[in-house]
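Each of the next two complexes has chain A plus one more chain, namely chain B in the first and chain C in the second.
Right after this comes the complex of A and B.
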């Protein structure tokens, strides 16, 4: 049986705009979702290191199997994606920092957002160089 | 008295993890996930058991490892939780427990493992 359009029927649903895939319709939303998506890589790396810590606590055999699993080609591929995500996260973290942190005033003038972002980039490069340098220094 | 919001605690953990992962994430993944497994620049026995054990028994590096494991997790789950809505998944107590519960579990297991390694 066909109903007359909506008349006296509270259960007729109004038009709902479809939201599926909304973020693919605009490049800004795509970059937003990519930035939020880096959280999956950060979570995964935390779990990788957690597995390492558990194996280390279990003894030499367990530790060696963790090292072997990190050498697996699939794991290396995954970690290359994680590496790219970490770089995207680092860049975007300081791109949005001027909006997420309280305003800073230096001698009465508001510190420019680009200064905050550039300082952040420099900090990432410095920290990366220091950690890699320490790792090189600690070679057996 | 008005009940205080617990949001600042989770936002603080999110922010701390965000800064730590932005500064150290690239270098750590490069070393542990790419260079050492492939034996590029750093040798494959770089992460040999006695070396890593001594590293993790040092109080400073133990604290660093704990901070990385725990804060990366709290940062990530906070973002994932707030992004679920954007993917059309409506948050409830279940999704909250799944996200923040995983960070709590990671923190607890990480602390127990690192402490059991000793000093």
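Right after this comes the complex of A and C.
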């Protein structure tokens, strides 16, 4: 970029500040990075479930050893971290959802962003209750 | 200064390119009253302490968008940020983030203005219309679709809030994309074809990662994050429609 210098004034370049460590400068950016980071936990859990499905297809022995590995204290600890990450992921996902959608009009009035977010939260709670219910109901 | 006057410390990031190779903090302790904004604090410094301090301002009432700067690290209009809310201090004032600093609190806006010019930021009527045919009418719903985006004052706080712009200065950025949407979403406008190229580009909406801080700092509640992200859908639709029915040279 060329900047015109006044008569007798030395040509000076505007100062560009470094971006290193940008996400630590503001709590909003830290929570953004946490939100993005939780995607890794979602990926990890999907791998876990996929492994379970593959073991199930391989037969009873493989399935039982997958179930046993899930009961290992280290796996329980990992899954607790994954559960927390999934909760953060779901909450932050629905928090940003109104920003990603076109405006919705209901009988001529614009639907508030907070209504969209709360509907998302309610859907998570409803889905969790249904899945937990099915799991309890299906127990031997 | 009267003995009983309240004082506050203001630290300013100074950059005088003829004497410094990089910015340095300078501290000023000034008297203040409860009705004083950060801008008035800076004006006190310039008028009474150091006339060389450089900053931009004009209206003093959050209309002109000139006095954007980082106040305690937050992109703010200094005219509507009050010293009484920042006590006991010190108040750290720095040039608007992510923009090159020309001098003290003055940043280079060349890139922003160039981007703004590039989106045809005006209504392009769908078809020419004679005065005798009357005005272009809109329903309240059609107006609501654009109204919040018309409130943009080009203050660029959203750019200082956008790390993607900081990392890639070529990113069209929240403010300009919100204005692009303001015209594209207007029921009276027919210039969409001219603007889609900017919107669809890698430096257009697709460089946004939905951080969302732009909408938090916007002093006019424009919600640029919403404008940018709903256009990711529009951009994808435009791509698909173009595959089915290429626009060719006409648009």
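FYI, the second predicted complex is superposed on the first by the 120 of 140 C-alpha atoms of A that agree within 3 Å, B and C clash if a C-alpha of one lies under 4 Å from a C-alpha of the other, contacts with A are read in each partner's own complex, and residues count from 1 in each chain.
Here is the rule we go by: a contact is a pair of C-beta atoms (placed from the backbone, for glycine too) under 8 Å apart; a residue touches a chain by one contact, two chains touch by 3 or more.
Quick caveat: nothing in here was measured; it's all calculated off a predicted structure.
Peer 1: Looking at A:88, would you say it contacts chain B, chain C, both, or neither? Reply first, second, both or neither.
Peer 2: In the superposition, A:88 touches no partner, neither chain B nor chain C.
Peer 1: Let me test your reading of the model: by the given contact rule, A:98 touches which partner, first (chain B), second (chain C), both or neither?
Peer 2: In the superposition, A:98 contacts chain C only.
Peer 1: In the overlaid three-chain picture, which partner chain does A:20 touch, first (chain B) or second (chain C), both, or neither?
Peer 2: After superposing on A, A:20 lies in contact with chain B but is clear of chain C.
Peer 1: Classify the contacts of A:110 with the two partner chains as first (chain B alone), second (chain C alone), both, or neither.
Peer 2: Second partner only, chain C.
Peer 1: So, does A:34 touch the first partner chain B, the second partner chain C, both, or neither?
Peer 2: Touch status of A:34: no partner.
Peer 1: Quick check for you: in the superposed arrangement, does A:128 touch first (chain B), second (chain C), both or neither?
Peer 2: first
Peer 1: Which one hits more chain A residues, chain B or chain C?
Peer 2: The partner with more contacted residues on chain A is B.
Peer 1: Chain A residues touched by both chain B and chain C?
Peer 2: 19, 23, 36
Peer 1: Which bits of chain C are touching chain A when the two form their complex?
Peer 2: Against chain A, the touching part of chain C is residues 15, 17-18, 22-23, 73-74, 97-98, 100-102, 107-108, 110-111, 140-141, 144-145, 163, 166-167, 209-213, 215-216, 223, 225-226, 229-230, 232-233.
Peer 1: Across the complex, what residues on chain A touch chain C?
Peer 2: 1, 3, 9-10, 12-17, 19, 22-23, 25-26, 28-29, 32, 36, 96, 98-103, 105, 108, 110
Peer 1: Per the contact definition, I'd like the list of chain B residues that touch chain A in the complex.
Peer 2: The contact residues of chain B facing chain A are 17-19, 21-34, 36-38, 41-49, 51-53, 56, 65, 68-70, 72-73, 75-80, 82-83, 86, 88, 102, 106, 109-110, 112-114, 116-117.
Peer 1: Looking at the complex, which residues from chain A come into contact with chain B?
Peer 2: Within the complex, chain A touches chain B at residues 19-20, 23, 33, 36-37, 39-40, 42-43, 45-50, 52-54, 56-57, 60, 63-64, 67, 70-71, 75-76, 79-80, 82-83, 86-87, 89-90, 93-94, 120, 123-124, 127-128, 131-132, 135-136, 139-140.
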